[in-house]
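Two complexes follow with chain A in common, the first pairing it with chain B and the second with chain C.
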Partner chain A sequence: MRLITHNMLQCHVKGCNANNFPLELQEVVLEQEEAELNEDFLRNMLGKIEYEALVATCLKLDINDLPAAMPADAAYNDEFLQILHRVILETHIKSGKMVCPNCQHIYAIRDGIPNMLLAEHEV
Partner chain B sequence: MPHFLIQFAQQHEEFRLPELEALATIEDVQMTYDPNDYSLESPFLIVEIESAEKAALLLKRAILIKTITELWGKADSWDGLIAKVQEHPERWPQYLDVSFKFSVVTFGGTIEHKDKAPLINRFAFTGFMGKIDLKTPEEEFLLIADYGIDPDVTVAHTFYMGRLVGHGKRELIDKFNVKKRKYIGNTTMDAELSLIMANQALCGPGKLVYDPFVGTGSFLMTCAHFGAMTVGSDIDGRQIRGKGKASIQSNCEQYDLKGRVLDALVFDVCHSPWRKIKGGMFDAIVTDPPYGVRAGAKTLGRKDPAKQATEPRMAVDEGVLAHLLPDYVPPTKPYEMSEVVADLLMFAVKNLVRGGRLVYWLPTVTEDYTIDDLPTHPCMELVANCEQAFGQWSRRLITMEKVADWDGEMGLGAPTGDMNTSKTGPNQVGHFGFRDRYFAFSAVENAKRKKELKEAYQRGGPQAVAAYMKELEARKKEATTAV
Partner chain C sequence: MSHKNPLHIPSPFQANEPDMTPEQKEQQYVHSVYQVIAPHFSATRYKPWPVVEEFLTTMPAGYIGADVGCGNGKYIGVNPNLFMVGSDRSSNLISICGERGHEAMVADGLALPYRSGFFDFAISIAVIHHFISPERRVAAIEEILRVVRVQGRVLIFVWALEQTGKRDFDKDVQDVFVPWAMPKKAEPKKEKSAKSRPQGVKKKDRKAVEAAAAASSSSSATEDQTLDQKEVISENMEKLTLQDTTTTTTNESSSSSATASTSMSDPTSSETADPAAPAAPVYNRYYHLFQKGELEELVSRTNKATIVQQGYDRDNWWCIVEKAQN
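Up next is the complex of A and B:
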C-alpha cells in the first residue's frame, strides 16, 4: 500500500466519527519502488491530500523530506512535486498495522494489501 | 467543414456512438453529424470535423472505430463516384509526389482480386506520380464499396473514395486479451468492453479512477493504460491476492502498469473507509457489480439481524477476541442486486468530483426492462445506456456524469420514465431478484433443449444431434462468458 492510499483512508467503525484520521502506522515494513513521475496526477491530488496528516505520518516513519507546509506554488514547484512523488507514490507499506487513534481498531496490512473489513459488531 | 467517413467495427453496435462522443470529449474535438444518417446495421457514418489533424485525435484510443477517411466522394456507383471525385481537383496536387497506395475495401461483399487493379486504375486521373509503396506509403487512398448487412444482396449500394486518416486502436483488444492474461477469474470482463468502459469514463492522465467491485482488476489495467491512476477494492480479499504468482499485482507487471495501479484494498463498499472530501475524491468510478449469478454479491452482516453481534465475541478455545485473530473473516449476507445498484449510485454522488463519471453494468430481464429501471439522482445525468443482449436477459453499460454538487442530503430521485407505463412496480425494478430469475431461465431453457434435441434426432439422427450440441455449446459460451 502506498502512502497516498493511507492518506485517503479513515476509520469507519460504526459510531467512530471523530479523531478517526489519520490511522496510525505501527510495525511497518517499508519498500521504495521507482515509478514514473506523473505531474498532472500530483496536481490533481494537491487539493485532495490532507497535507498536515501526511507530514505527521511521514515523520513517524522517519521520512523527513517533505516541507512542514505545502509551498504556495506547489502545483508548479518541480522540486516539491518530485519529493511528493517519491513519498506518496514510491513508498510502499509491505506489512504492518493501521490503528485508529479514536477507537483503536487495528487494520492489518499483509503483502501490501490493507484489510479494511470491519468485524461483525462494528458495522 | 471537411467531411470524414468513419468505419466502425460491426459489433457492440449500441456502444459505438457513445464511444465516439466520449473520444470527442476527451480530445476536445468539435464534431457534427446527422443522427438520422446513423444505423446500427451499417458500419459507416459521415461526420464533419474541422481538420484531418483533429479527426486523427479521435483515433488515438478508439476501440470501436476501424478507420477514419477524409471523404473525397460518395455515390451509388463507381461511375458516379469518379464524377464526384473529379469535382474537386484542387484536392490532388498536394499528394502528387508522395509515396502512396490505393486499397479496395468492401463491407458485406467481396471484389475479386483480379478486378481490383482495373478499378484502381480508373482513378489514375488524380495524376499521382509518387512511388507506389504497398508497405509503408506516406498516403493511402481507399475505395470503399458497401453491400450492406443483408447476405442475399450481392451488389454494392454505396461507394466512397477518400484519403485514409488512420486506424483505431483495435489491436489493444489483443493486448488485453483475457486468454493471454496471467490472472483472471470467472467473472473477468472481456478486453474489448473493458477498454470501451475506460473510454466512457474519460480516463486519462492525471485522473484518479476507482473500482469498488475490483475482482481480478480488469478495469484497473485498462483505465491505467489510458493514463489514469487506479485503485480498487473488493469484499473478497482472495480475489485480490490471487493464487501463487497470479494476482492483480502480477497483471500489473504483465502490462507494465505497476506505477499507475495504486492499490487494491479489502473492504465492503457499503462500509467504505474512504475519507470524505468536499468536491469528491474520484474522477471516475468504473465497475461491474456482482450480478449474483456466478459470484453472489455480499455485504457485511448477518441474514438474521437478531443474530448479529453488537459486542466483540470471544473466539472458541482461544481466550482472545475472535475479530483480532489474523484469519478472522466477518460474516456476510446476500446483497440484493437492486440495492447494490442504488448504493453504487449514491456512492458516486458522494465521492465523484463534479464532471466525474460513473460507468457500470446493469443486468436486466429483457421482457421487463424499462428506462424506469435505472436509478437516478438529481446530481447525476445519464450520458449513455448501451445494451448487450443475451436473449432473455441482457446487460446494459450505464454511463452517468455528475453534473451538480451534492448538498449532503438529497437521496435517489424518482425514475425518469412514466411510471404508468412501467411493467414493473415502482419498488420492483427489472433487475430485482435477478439471480432467481436467471436460474428460472435455465429451467425453461432445459425443457426447450430437450425438445430441440428430440427434433434434431428425428430430423437427422446422431449427426443432427451432434451438430445441435455444437451449436448449443457455442450459444452457451457466448451467454456465460458475459455473466
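Up next is the complex of A and C:
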C-alpha cells in the first residue's frame, strides 16, 4: 500500500463518523520502490489530498521531506512535485497497522495489503 | 447435436437453511466460494471486456479511480495514465492483485473504507449481481456513488437473465446457483501448493484436498471463453459447498456447519479422471440475474445519479452513471 492510499482511507465502523481520519500508522515497515512520475496524476491529487494529514503521518514515519504547507505554486513546482511523488507513490507500507483515532479500531496491513473488513456488528 | 456441459447448467438458488441472514448467504454462496476458487478463477480472468476497456482508456490522464470488486485486478493496469485502487471481499483474489503490483485492499462493497467524494470515477464489473436482495444491491450502488465525486462516472456490469450464450437460464428464475467446477487434471507442481494455499477460510471448515487446478482441462470455467491453456495453477484446494455434479444443487451436503464440506471426489484418482466425469469439485455461486431495465431501476432508486449510457454486452447489462449534484 502506497502512502497516497493511506490518505484516502478513513475508519468506516458504523457510527464512527468524526475524527476517523487519518488512521494512525503503527509498527510500520516501509519500502521504497521507484515509479514513473506522472504529472497529470500529481496535479489532480493536489485538490484531493488532505495535505495536513499527509505531513503529520509522514513526520511520524520520520519522513521529513514535505514542506509544512503546500506551496502556492504546487502544480508547477517541479521540485515539490518530485518530493510529493517520492513520498506518496514510491513509499510503500509493507506491514503494520492502522488505528482509528476515534474508535481505536485496528486495521492490519500484511504483505502490503490492508484488511479493511469489519466484524458483522461494526457494519 | 449440441454439447451442453452439465456444469454450465444453473439451478434455482436455495439456501441451505431457511433462516440464514443475507450476510450468511453471501458469505457461504459468494465469499467462501471465491476464496476457494480464486487461483483458478483468476487464471480465467485476464482479457478486458471492450466496454470496460473503452471506459478506462477514455478517462482523462491523471484521474483516480476505484475498482470495487476488482477480483484479480485485471482492469487496474488497462490505462497506465490512471491511478486505480482495487478492493475485493476475497483476500485470495486481492493477494493475486497485490502480487501484480496493484494498489489493492480487502474491503466489503457495502462498507468501503474511502473518504467520500474522493474518486474521479469507479467501476463495478460483475459484482452487484452477487448481493442477495434488491435493498443490498441498491446499497452497494449507493456506496460506490458515495466515494465518487460529483459528476464522477461509474461503470456497472451485471449478468443478464436474457443471455443466450452457453448457459440456459430459466427466464422465470432470477436468483440462481451457477456452478464453478475446479478442473481435476492434476499437474505435478505441488511445491507451490503449501505456500499459496488460500487463506481466510475458517480453520474448522478446512479439509484440504489435493485437487490441483489445471486451467487447461476444464471447459466449464471458461466464462470469458479466453482461457489461457498455458496458465496452470496448482493449489491445495479447500472445499465448501462442495457437491457431486450429478446431484441437485440444493442442500444435499447440509450439516450443522454453515460451510458444509462433502466431497464426492477421490483426490487420488484426480490425475486420471475424465474432465467430464461427475466427481469434479463444484462450487455453487449465488447470482441475481438482471432483467432488462432492472439495473437502471436500481440506480434511479438511489436518487444520486443519472444514467449517461447503457447497453448489453457479453451476456451482461451495463450502464454508465454520473453522480448528481445532490
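As a working rule, the second predicted complex is superposed on the first by the 123 of 123 C-alpha atoms of A that agree within 3 Å, B and C clash if a C-alpha of one lies under 4 Å from a C-alpha of the other, contacts with A are read in each partner's own complex, and residues count from 1 in each chain.
The rule is simple: contacts are C-beta pairs under 8 Å (C-beta built on N, C-alpha and C of every residue); 3 or more make two chains touch, one makes a residue touch a chain.
Treat the numbers as computed from the prediction; the structure is a model and nothing was measured.
**Student:** Mind checking chain B and chain C on superposed chain A, clash or fit?
**Tutor:** clash
**Student:** When the two structures are overlaid on chain A, which partner does A:114 contact: first (chain B), second (chain C), both, or neither?
**Tutor:** A:114 contacts both chain B and chain C.
**Student:** Taking the superposition on A as described, I'd like to know which of chain B and chain C A:63 touches: first, second, both or neither.
**Tutor:** So A:63 meets neither chain B nor chain C here.
**Student:** For the overlaid complexes, name the partner, chain B or chain C, with more touching residues on chain A.
**Tutor:** Looking at chain A, the partner in contact with more of its residues is B.
**Student:** May I ask you to decide whether A:74 touches chain B, chain C, both, or neither, giving the answer as first, second, both or neither?
**Tutor:** neither
**Student:** Which partner does A:12 contact after superposing on A: first (chain B), second (chain C), both, neither?
**Tutor:** After superposition on chain A, A:12 lies in contact with both partners, chain B and chain C.
**Student:** If you stack the two complexes on chain A, which partner ends up touching A:21: first (chain B), second (chain C), both, or neither?
**Tutor:** Touch partners of A:21: chain B and chain C.
**Student:** Tell me which stretch of chain C runs into chain B once the two are superposed: 205-213, 223-231 or 259-267.
**Tutor:** Stretch 223-231 of chain C has C-alpha atoms clashing with chain B.
**Student:** Would you tell me the residues on chain A in contact with chain B in one complex that are also in contact with chain C in the other?
**Tutor:** 1-2, 4-5, 8-12, 21, 38, 40-41, 43-45, 48, 50, 111-118, 120, 123
**Student:** What residues on chain C touch chain A, complex-wise?
**Tutor:** 23, 60-64, 81-83, 85, 87, 89, 91, 94-95, 98, 103-108, 110-115, 118, 120
**Student:** Could you list, by residue number, the parts of chain B that touch chain A in their complex?
**Tutor:** 205-208, 229, 231, 233, 235, 237, 240-241, 249, 258-260, 262-268, 271-275, 277, 279, 281, 283, 300-302, 308-313, 322-324, 326, 328-331
**Student:** So in the complex, the part of chain A that touches chain B is made up of which residues?
**Tutor:** My answer: residues 1-2, 4-5, 7-12, 21, 33, 35-36, 38, 40-41, 43-45, 47-48, 50, 89, 106, 108, 111-123.
**Student:** Quick one: which bits of chain A touch chain C in the complex? Just the residue numbers, please.
**Tutor:** Spelled out, the residues of chain A in touch with chain C are 1-2, 4-5, 8-12, 21, 38-45, 48, 50, 107, 111-118, 120, 123.
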